[in-house]
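Input: structures, listed below.
You will see chain A twice below: alongside chain B first, and alongside chain C after that.
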Partner chain A sequence: MRIEESRIGEVLVVKPMDRRIDASSAAAFKALLNDRIQGGQQRIVLNLSEVDFIDSTGLGAIVSSLKRMGEFGDLVISNPRETVMSLFRLTRMNRVFNILPSEEEALASLSKS
Partner chain B sequence: METFSDQVARITISIDSRLDQVFMVGAAVRGICSQLGLDNVSIYQMELAVVEAVNNAIKHAYGAVAGHPVEVVISVNEERLQFEICDDGETIHFLQKRTGLDFDPRNKTNLPEGGMGLHIMAQVMDDVNYFVRDGRNCLTLSKRFSKTN
Partner chain C sequence: MEKTLNNTNAGLTNSILRHLKYSLGKDSAKATKQDYFEPLCMTVRDRLIAGLIETERRYVQEDRKRVYYLSMEFLIGRALGNNLLNLRLYDAFREALAEQGLDLEELREEERDAPLGNGGLGRLAACFLDSMATLGIAGFGYGLHYEYGLFKQEIENGYQKEKPDFWPSRQDPWEIERADEACLVPLYGRIEHGTDRQGLYNPMWLDWQVIVGVPYDMPVVGFGGATVNYLRLYAARASSEFSTEIFNEGDYFRAVEEKIAAETVSKVLYPDDTFAAGRELRLIQEYFLVACAVRDIVRRYLHDHATFDAFPAKTAIQMNDTHPALAVAELMRLFVDEYELPWERAWEITVGTLGYTNHTLLSEALEKWSVTLLEKVLPRHLQIIHEINHRLLAAVLSRWPGDLDRMRRMSIIEEGPEKQVRMAHLAITGSHAVNGVSALHSELIKKVLVPDFHELWPERFSNKTNGITPRRWLLKANPLLAGLITRTIGADWITDLDCLRGLEPYAVDPAFQREFMDVKKKNKELLREVVSSTTGIAIDGDSLFDVQAKRIHEYKRQLLKVLYIIHEYLLMTEDGLTPLIPRTHIFAGKAAPGYWQAKQIIKLINSLGETINNDRRVGDMMKVVFIPDYRVSLAEKIIPAADLSEQISTAGTEASGTGNMKFSLNGALTIGTMDGANIEIMEEVGEENIHIFGLKIAEVEKFKRSGAYSPWDWYHHHDVIRRVLDTFRDDRFCPQEPGLFRWVFDRILNEGDEYFHLPDLINYIEVQGQVDRDYHDQSLWSRKAILNVARMGKFSSDRTIREYGRDIWGVL
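What follows is the complex of A and B.
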């Protein structure tokens, strides 16, 4: 799976460059995020601007990463397309994640926490 | 279960029981829904529901073992879309399971990481049915639509 990563202060921005996070790619995506979390990353912005399809397995990988970050870590979603946003609403995960329209707003929200 | 009469179009797609082939079913669903004039969110949700059903067939009926067929029949008439997803694997009476997602969004440790597919199908579709016919497991998903969508 193609991923772009950048570090801004203490925040890691992860930007999947593939259009799909689905059952065929979720395991690799989850392994990558878990590797960063196990490496000590406590604050992550997941920029979904390039992603136009996520299925429940892909969503499960994102949820797993949030859980793995524990009480003091946080994972914020940015730039979701309206289609992908509908998955978060269908599964009520929009009530779990902090989801913001831009990467800048996501970075700002993590700098406050 | 409603009957599906006045059919005007039907296409059958068969893929191997491999998760890396499911995107082709999704592309077909997306293309057909786009031709019908559905909005982008509805198109995504139709693709999502069908992909979830195919993923379930591969993971649960076939235990994620490649080399088995998953057949998807897409039927369209003037007012309804129907998807029939069939496999020859183990019969899973998963419609007997609860379809709701019951969790406390404030309790991070108990968030579900799986088991969301059936909930999604039930949310997105008007009808979800599962039956065994001639030894084949078939799940039907149907959705009414109007041309003004």
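What follows is the complex of A and C.
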């Protein structure tokens, strides 16, 4: 799975570059996020602008990353496409995650927290 | 209709030839007659699509309220002839084809039936689509794109053999794939109980699997062509061609298997319109339909509306039986989970949108799904159903404090060793309107099936007596009679069936009677050829065609007619009596593959025919035939040829019936019980023009309550009954296979005769005698038959749809 990472201040922006996060890529995706969290990364923006489908294993990977961050960290999702947003709504994950339309807004939200 | 489509003779010919060459790549110099079938359909389809686009533009412009008819079955039959008649282009095409040396009637025989239904429920849905389009209602059917529709029935050694009927074996000429409007449907998974960012309870539906629903639209044109709606059928596909992970692991076959498993969902129609208990695939099919339909309906609504405030004012969803009853939970899930509406608001919108039509009182046909299965397949929906039930029971308790028994009766969840979800209770609770399909049936719903619900919400309950479309069942099926009627009273009857009343004065006109009977004779001649080609049996076109054509089921009592036939046979062969008139007993119908008794009844009818048809003592005075593979196109040949229509179910078992209406509209007299819509047919045609017999529902109920019915008493007290039943014990119709039909003897005498054959048999025989006498007087018979046709206006599905439109959907 192709993932771009960039650091803006204390925030790590993780941007999957594949169109799908599914059973074939979710494990690698989850391992990368876990690695960064275990490495002490407490603020992450997950930019989903390139993704148009996430299956339930991919969604499970995102949920487990949020849990791993614990109460002191924060994971914000940005730029979801409508197809992905509908999956968040289907699972009610949109009520658990902070989801914002742009990366800038996501960064701003983390800088406030 | 769009101006660019040329409907002149030359225009139609050019279009057909263009499709032959450019759509199919065939050289007209080498083309066979059959090669013209698809180009012909494509030329018709062009005109349907033009109307479809124009109609949709009009609906959007007028922001019309849309009606969505959700049904697991749409028994469409063939579409070509119907489309041509409704477009009013039948003659134009016939002439254009004739100039090419082609016969439209011959080409029509090339079309296969779309067998997407079992019987009455599915055919009703198809008639309703025709009426909605004819009345200009923005009404759409939503169903499943089965690959294997209802099985093809072949008869081998007298037994039904089921053969798969692969429906879209070649591209269906009518359907339009809408891959761009595909939707995702999640299944299985688990609920993770967590909290949201505000700390409130937030159940998350995780670990689901997903299948894709791809819609296919079949245009439905109303008579006159002004409105073209569509039937949207969903096919299940895997979410991606293969699971790449499994594929990458090198397990190609597992990847293929998963793809096949997803596509299995729309693979096959369940061959029974009663309840398929415990069938996980059936539950998934039902949810798949509901999920695809509801997403599509909401998507379309939100295209033109910013909030859900106007949803019930712009959307009506009708559930054809409880099969789509999960729509209650799915709409609530969508509103509450995905659009974050408060529960109360979501509920108000859901109830305001949904209507539920009940089709059965038979307890075995009432759907119940185990809580365990629902939790496995649809965990979030089960949570929602529990919440709906919780609120229902609170309302019951508030109305009837302390009435725990009533709570138990009304609960959506049935307690017991295996908890079950009662789908009818879910459908009633989630709908603003609940209806039965005949006056008697609707009363029984209120008084017997769910009296508690009626007491709680009396305003929700109403009757909508079924109907049939006169375009399919008279104009198309019986062109000779349709022509005679139009020549006599004009063509207004096609869209206003009450106009048939204009025929009444002609019922006593000897010249009209002769013409009428001449039409019947020609139709009988056509059926005689069908019987000969399908069974090899020669029947007498001058005999009375006595027809029972419908699904084979014990409650419909094909067995009662068999008992009568045996009685008549014994009169001829043992008593030496000659009947007043010759009769041909015609049966047709399919038995559910798992229904042993029904399949044995088919064997019995064929064995009876084998004996009787070859008995020289009987000669041409009686024949018994079973025409295989009953389907819409065969019904269109059988019904116009029938003299007598057998509608003989035990009182209180048939919700309505629609075959009864089709036969009567085509000039057959009915012999029937006081059941379903027979009662209303009697009210319309007059008691003197129908042959009613048998127990009334109150008498059946009395027998059941008192337990006083003893089949053995009837056997001992009636020589006629004893003589007939003894033929089963004595292997009269199965000398080569002793014991084959003893089950009938046991079923009736030792197993309680659940459907009361014996108490009705004597009266049935008497009334059949009256039929003989009436038929013997051809002037009398034709008068009665003409009056049947003239008085069938009420049973147009246009009338039924007007009532739904006015009382339930709010569109008229």
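Quick notes on this one:
One rule holds for everything that comes next: the second predicted complex is superposed on the first by the 113 of 113 C-alpha atoms of A that agree within 3 Å, B and C clash if a C-alpha of one lies under 4 Å from a C-alpha of the other, contacts with A are read in each partner's own complex, and residues count from 1 in each chain.
Basically, a residue touches a chain if its C-beta (ideal position, glycine included) is under 8 Å from a C-beta of that chain, and two chains touch if they have at least 3 such contacts.
The shown structure was predicted, so the numbers you read here are calculated from the model rather than taken from an experiment.
In the overlay built on the shared chain, the residue A:90 is in contact with chain B and with chain C.
By the touch criterion defined above, A:98 reaches chain C but does not reach chain B. Of the two partner chains, chain B is the only one touched by A:64; chain C is not. Looking at the shared chain after the overlay, A:82 reaches chain B, while chain C stays out of its contact range. When the shared chain is aligned, chain B and chain C each come close enough to touch A:24. Once the two structures are overlaid, the count of chain A residues touched is higher for B than for its counterpart among chain B and chain C. By the touch criterion stated above, A:55 is placed in contact with chain B and with chain C alike. In the superposition on chain A, A:3 makes contact with neither chain B nor chain C.
Residues 20, 22-24, 53, 55-57, 59-60, 63, 86-87, 90-93, 95-96 of chain A lie at the contact with chain B in one complex and at the contact with chain C in the other. Listing the residues of chain C that touch chain A in their complex gives 184, 186, 189, 192, 194-197, 202-210, 239-240, 243-246, 248, 337-340. Residues 18-20, 22-23, 26, 40-41, 43-45, 47-48, 51-52, 55, 58-59, 101, 103, 105, 108-109, 111-114, 116-117, 119-120, 123-124 of chain B are the ones that touch chain A when the two sit in their complex. Note for the complex: chain A touches chain B at residues 20, 22-24, 52-53, 55-57, 59-61, 63-64, 66-67, 71, 82-84, 86-87, 90-93, 95-96.
Put simply, chain A touches chain C in their complex at residues 20, 22-24, 53, 55-57, 59-60, 63, 86-87, 89-93, 95-96, 98.
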